[in-house]
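Next up is a structure, given as structure tokens.
As written, the chain order gives the labels A, B and C, with residue 1 at the start of each chain.
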Amino acid sequence: MIHNLAEKVVLFFSWVTTLVLGLSVSIFLGYLLWKGFPSLGPKLIFGQADPLMAVLGRVRVFDGIFPAIAGTICLVGLSAGLALPVGVCSGIYLAEYAGPGMKKLLGILFDILAGIPSIVIGLFGFSLAVFLHRHFSSRVGPCLLISAVSLAVLVLPYIVRSTQRSLEELPAGIRKTALALGASKLQNIAYVLIPNALSGISSGVILAIGRCAEDTAVILLTGVVATAGIPSSLLSQYEALPFYIYYISNQYSSRAELSQGYGACLILLVICAVLFMLAYGMTKHLSYRTLYRA
Amino acid sequence: MMETKDKIIVKGVSFFYGRNQVLNNIHAKFAEHTITAITGPSGQGKSTLLGLFNCMWDEIPGARGSGEIRIRLGDEWVSPLKKDIPLPLLRRKVALIFQEPNPLPMSIARNMAFPLMLAGVRDKSIVAAKVQKALSQAFLWEEVKDRLEESALDLSGGQKQRLCIARALVLEPEVLLCDEPTSSLDARAAGIIEDLLVRLRSQCTLLVVSHYMDQVRRVADEVMTLQDQNLRRI
Amino acid sequence: MRASKETVAKGIFLFCAMASAVIIASILLFMVALGLPLFKGGAFFSVWTGAWAPHQGYYGIWPMIAGTLWIATLAMALCLPLSLGASFVITSLGGPRLRRMLNALVRFMTGIPTVIYGFVGIFLLVPLIREGFGGAGMCVLAAGIILAVLISPTMVLFFSDSLQSVDPANVQAAKALGADRVQRLLYVMLPKAFGGLASGFILALGRALGDTLIALMLAGNAVRAPHGLLEPARTLTAHIALVKAADFDSLEFRSIFACGIALYLFTTAATVAVRWIERERMMVP
């Protein structure tokens, strides 16, 4: 193999950078496991309270991360519940009904939304809360509902894009089959297209869920606090796992608390990593049948 | 009378994609400066067989071959299955023409110079000379000599295939593997390519996979057929 | 009967799409509306270029703009070579098993939450910097390094996608002509994938500009524009997160909307640039 200088440089450079990347990840994860593993266990989650009583809501957990986990779960459920229908319907509209001009316009808008920093979305949520506070009812302030709405806005592009893309990438044959048998457009969508596009759509949904679970910037501005117990109502403030981790990094007052922070990191890591791997697994399944697009 | 020496010897070769067996205990000998046509039903492994000689299967997961293949390059024998020669070197001496012409998205001149660049030949006058020689051998020089800087993608189908053959010839290969070289071309273009292949016999040893029996009759010295994982002379 | 179900359904779908569009537009609107008091009275230019000293009546967000640019630039400078090299290995230079492993590793990395990167950064990297270079440790360098590691996986995946979407017939042709892996990469795949690589770069830049937590946790949050890698800095994003505790009607508070507008405009420009590149690429046969 005669290699000129350029080729040799590229080879050397590629392997070195890959090594650096691989090493940094390994150090990162290793350190996290080393510090966090010892603190894993029921005490991390429930503190001094009895686990069963805590889960049933009878007893308040003060020094465990259970309220934060509960908060994150409620948050994710709520925002996904808001974003899913709107996102899937918008995606269907874009793929099946929109004309080229509309597609382009909405396409740009959704791309812009996808690029907006999460803190700006949080700012939007906050402004919304202020607006409602002044003009509707002074009971409304940054709270679970506002956070859920903001997170829904944050992840909307993921769901819209994956719905639109999975529908558009269905093979032409599938589209025509039901129509040729007399199905209406809506029936075609409901009975043939959506079921076939399901793996792509699901992967978008799972990605959205993961994003909601890990986000910190949005919730910082829209209602998350350090201690609030499990969420009591839509209009109340709440705790969340990512914020707990941030808070500990800033305000830890003992080695035990710091250790809990590491443990919380591990738990959050596992939740998010599982969700993301699931999403990619599903997309892979879909992409074997489709044209490759960057 | 000169003895025709063997160029390629195949002994007991079997080939698998994963658990799927494609070739079973193949034996064959190919004499130098001959054209051997390989025919047979579709999908039986003719392209796979060709690919054995220049190791094109090496990055397909699960592909493996057993047995012995020996090719005489210059005065030495090499064994592609054992990879005892660096693959880029092998492929410069054992060239492959694909069924679908695949000029690179560059000018004609750069397409032709590409293999030379890979092999480290940089002297511009040498490159120009070799390029002209190869294009002439492929009956293409007259047609493109005034448009060497234009994109190769603008050529007709037949011209593209001749370009691909010329591109393969620029490194002076000793074996030319042709995988259905004319099946994507019209009759007239195919005829030109057939003449070309016959002419090339004096420089190379050719293995041509073909579906067209009349083409085989026109072009080949020997005919073999690949059927049921086995190669037979007819 | 069926006809009206059709139109109702279409109406619902249209409504959702429109609602989304309205939300996107209103994000900018809200920020402009709420940030307006800050711009009144001819203070428009000094907001963008002035210093930040609220007690003296200066509400310029320039130090935050500078902080954002310093950290984002450092992160991109580190991230680009890392991602490029790793994507080269993943798409062509590595053996099949290595490629699969690296691919899985990189995908896993994209799932790691930002706050965890920040957390590990504080307790692992910052002390190292403190020991090695002195100072407080929380500075542009710390934030830049961790941000680079954060963005790299997404960039690697994007680059790999672009490289692999080059026409395989061309790659096969080069292979049959004797090109080995690095030659195929350099002479066939890279030239064709260039547009995709450029989009990936711009998208990653958008993320670097818009990240909040890394800068918030690692960059020190001082309100002066930084003049060196070891100085602390505050980004537009961190500023928004920090100032929210101030009195709502104060000008200090309104400054966060100015930050929001700046970020919105930066990232929108990046998005439009990427779409333009992609469109140009689709034109070329």
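In this section, a contact is a pair of C-beta atoms (placed from the backbone, for glycine too) under 8 Å apart; a residue touches a chain by one contact, two chains touch by 3 or more.
Owing to the predicted nature of the structure, the values given are computational and were not obtained by experimental measurement.
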- Note on the structure: Contacting subunit A as well as subunit B are chains C
- Reference subunit C; chain at largest CA-centroid distance: B
- Query: Using CA atom means as chain centres, which chain is nearest the centre of all the protein shown?
  - Reply: C
- Item | Chain pair, B-C or A-C, that carries the greater number of C-beta contacts | A-C
- So how far apart, in whole Å, are subunit A and subunit B when each is placed at the average of its C-alpha atoms? 53
- Message: Quick check: how many Å separate the C-alpha centres of subunit B and subunit C?
- Response: 49
- Task: Averaged over CA atoms, how far is the centre of subunit A from the centre of subunit C? Could you give it in whole Å?
- Result: 17
- Message: Residues of subunit C that contact two or more other chains, please.
- Response: 180, 183
- Query: Which subunit B residues sit where two or more other chains touch them?
  - Reply: 88, 119
- Note on the structure: Residues of subunit A that touch at least two other chains are 1
- Enumerate the contact residues on subunit C facing subunit A in the complex. 2, 5-6, 9-10, 12-17, 19-21, 23-27, 30-31, 34, 81-82, 84-86, 88-89, 93-94, 102, 105, 107-120, 122-124, 149, 152, 156, 158, 161-162, 164-165, 180, 182-183, 185-186, 196, 199, 203, 206, 209-213, 216-217, 237, 240-241, 244, 248, 256-257, 260, 263-264, 267-268, 270-272, 274-275, 278
- Enumerate the contact residues on subunit A facing subunit C in the complex. 1, 3, 6-7, 10-11, 13-18, 20-22, 24-25, 27-28, 31-32, 35, 85-87, 89-90, 92-94, 96-98, 105-106, 108-124, 126-128, 130-131, 153, 156, 160, 184-186, 210, 213-214, 216-217, 220-221, 242, 245-246, 248-250, 258, 261-262, 265, 268-269, 272-273, 275-277, 280, 292-294
- Item | Interface residues, subunit B side, partner subunit C - complex | 54, 56, 59, 61, 87-92, 95-96, 98, 100, 102-105, 114-115, 117-119, 153, 164, 167-168, 171
- Please give the residue numbers of subunit C that touch subunit B in the complex, ascending. 96, 167, 169-170, 172-180, 183, 187-188, 192, 285
